[in-house]
């Protein structure tokens, strides 16, 4: 047994460390299209102290470390590009504290969205958090780390904007508290009124530290939810429609999708509008305002509210929407990947046209799924292609199409969301050099030996 | 390999390892081992890698495959259209390994014992009916029902008690039934789950031939595992019988006041056996029996019915114990969940669950706070 | 399409043809005077109809909500709704937003996803609505089930008159007739008014030959209930009937509602919005015109059911049921399909049981 293996065994116990071919095979991959790279070890720690010890061990031996949640980013962010230790965080999944009146929760770094949802449903039925549509196993820490979005994103911004405090294990192995919790027992703010240091970690994909605790803001949970779909055949009107909808301030989440199949979705853009209420009256009032806001489009025959059957309603109202994962099997092959740049809502039509063009060029099945971020401040536009994992040629065509999406996204002012290594390189190249210099300074100071998820946010 | 055309379709999204309401991880082997490889998604990806020669059939690979409790939580929660076949796929992979002869020694021993002795305990066949000694239960000879016991109820001490409890209740209720005694053979459910398809077919055909010879039409099973084999697999081999779990016979008798029950004051939580619940959809019948008992307060664990957490004994693990050991072994997790409800009785309807959970209570040192009782034992107490 | 069918398409609407002279001499203008969605007096009604006849613009062409009721209000055998539809189509006046129209046309496109039961000479037709499979259970249907068919290949397409698009009906209907013919069925029981109307009224009007016998499921139910008469136990509840728009396309079948209710011992409440005065369920209004009209119509309709003491609301059309069921249930009235009510009468339990 190697010294490293022995040390890791001492830290987490023999059952929770592996350098066996089975784990190395599995943790070398994610469900997306990035090439695999094997770790040397996989560990599943239980405590922050264990993580500190692992980080110190890695530091002494200059071994790379890659923290991992559910590994569902699809863009290879947890593939250990230079080997080393993958830390599977999911054994650390306690819900530590809920402050009901201050509406926040503190969870461990491996707690999943599904688990928190279930816990709140049962114990705090008047509270909710912003649930993304990634599978329920997706962890909260990883989701805020990649600036994920969720059901409350139209109202409150990126899920990472809802962070109210962090506990981070630095590359040195020290624990660092970020936000109000650094000097108060209360976790109500990730920064203000202090300098907001959360930016040293959020969006860094673990390249500057490992999140071991997250405080997340919770929001009022109304007793009822409903969904309507406004359809239009004029993609150029989508930004106007979104502007009117967001102006009402009556909407929970807004998603836009367009896809060629099934036939009911052909030819149209679908603006899915979620709303909530504590009473029928409240819900009806909101609905009336929402319909009213779009009345001019209806009168002009430019769009209308389609009939949403019970089954479709149930599918849409699920949190997370399991149907999103089902897109992976459209080609009976267990895979999809998307590029989801963040950009202005006014780029919507261009993006859909590009997507249709690429799908046709590479003969691929596609889906466009956009989520409004803030009151129309920007959106995530997902250029999504499904593929058959047993068809290397199709996988290659998706890779090529996604490369073209990356080029296009930059041209139209987009910023990559959870970028692949290649997209990170493109972003760095295009970025204001002084911004990149600042990022480099941060990385060099926090992680001088470059052991933290190496390859990410660095120039090869 | 069977199902090879499906293997690559897993997206490893992980819904399979959670309950339907996401309250917790619900895959027994994942709960114990905590590497993704021990979850259904891990198995799917590794089976594919193995078929593609990217990994070998190692001891660890065997542990990963044979630690599956075939509890079907993944079948219940996988979001894809092939979800129904997940357990079948893992069994098919085990079949490949059995055919190549590279399997864990505990699995080999189990299969060998069934082959040689007809039971996993290496006990003589003529002692299969000794559990009924001292009762007035008759040998089957054209009665209305054939009462089929299975290996655990026949030989295991705990199982025998439950078999007697059920047998005596059926007697008391005046049900016309008989047992096979030493003529009974292993039902083969675990043999099939462990990947020995050939031996399973042999056992099933022998049983079917015997049932037919005796002109048995309706069969009551003690063990949900046998219930599953007889109900789901025997028809495909020519064995069409009316098959019941014993709770399905008791419930109407109790509800129609044919067996008047006295008060039994207890807070009881019920553990769904996977082969009665998820595999065969029987969730309410056992609960109806319990709630018919005056004085019983039935409380639910968070993980119940479709979301029930397996005791860790399914898929042959009762005999191979690959899932055993450590505080995160499924049976220990399950009894802690039961204790959390504040119940003093953990009700079961499966001899394998009974033993798994009773063992866990001892290790967890909960003997004075929680008692495992089969539903038949609870009803017996309420009758006296 | 073969030549014969092409000829059919080009042929005139013989029975649905609009007779100008008949209209000009109308003493009442009932078609528009009675309209619940356009407010005009007798003189104005005649004026507007004349404009439409002449191919001029009319408020009717803009404001007609496609409830089909004028087909029934006209007692002189004329076909005002088909005329309005034709003129709208000629002028390119849309009823619904383009996206909605497109969506509906797309939904109806055959994609090889039809489903056939075990075909016999007599069969049930569900249009393209799979949900009927859950409905047509029990002894009422044991004579014909599992002989059924549904799917876009067998979908009558009549719904497109809501969208002022008869050309798509004329294009698709001959193929549908041909598809049904190929099934070898002699008699088809249609589970939806529109389909029944398509094959008994529209197709002949378009000059298309229908090589099978069309039966409305009301008639089928009535006859089956007669056969099972001894087993009927009066249900003994007060019900309101939600009459769908498409019933106006086959008004000869409407009497069966009363006949069936009598047979199964159900008290059909005498309410404001019934028979000729029925109000639309609102689902089409909602898609075409947004909130206000749909909301107002639904509110008045449900208030009326409540005011007349209905315990159940009986549906004939799934579209109506989907649109109204939730709201009706909130007001304490049980939504139920007429088939399920009939099943209750013969002692069957419409809901599927658990274990």
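Here the chain labels run A, B and C in written order, and each chain numbers its own residues starting at 1.
Definition applied: a contact is a pair of C-beta atoms (placed from the backbone, for glycine too) under 8 Å apart; a residue touches a chain by one contact, two chains touch by 3 or more.
It should be emphasised that the depicted structure is a prediction, and the values quoted were computed from it without experimental measurement.
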{"item": "Chain nearest the overall Cα centroid", "value": "A"}
{"item": "Pair exhibiting more inter-chain C-beta contacts, A-B or A-C", "value": "A-B"}
{"item": "Centre-to-centre distance between chain C and chain B (centres being mean Cα positions), rounded to whole Å", "value": "53"}
{"item": "Centroid spacing, where centroids are CA-atom means, of chain A and chain B in whole angstrom", "value": "40"}
{"item": "Centroid distance [mean C-alpha coordinates] between chain C and chain A, Å", "value": "47"}
{"item": "Of all residues in chain A, the ones touching two or more other chains", "value": "none"}
{"item": "Residue ranges of chain C in contact with chain A within the complex", "value": "94, 96-100, 102-103, 106-107, 109, 111, 283, 286-291, 295, 319, 322-323, 330"}
{"item": "Parts of chain A lying in touch with chain B, wherever the complex brings them together", "value": "15-16, 18, 20-23, 25-27, 29, 31, 42, 44, 70-72, 88, 90-91, 112, 114-115, 117-119, 121-122, 135-137, 322-323, 325-326, 328-329, 332-336, 388-390"}
{"item": "Chain C-touching residues of chain A, taken from the complex the two chains share", "value": "231-233, 263-264, 266-269, 280, 287-288, 291-292, 294-295, 297-299, 301-307, 309-310"}
{"item": "For the chain B and chain A complex, residues of the former touching the latter", "value": "8-15, 17-19, 21-24, 33-37, 42, 45-46, 49, 54-56, 58, 60-61, 64, 79-82, 302, 326"}
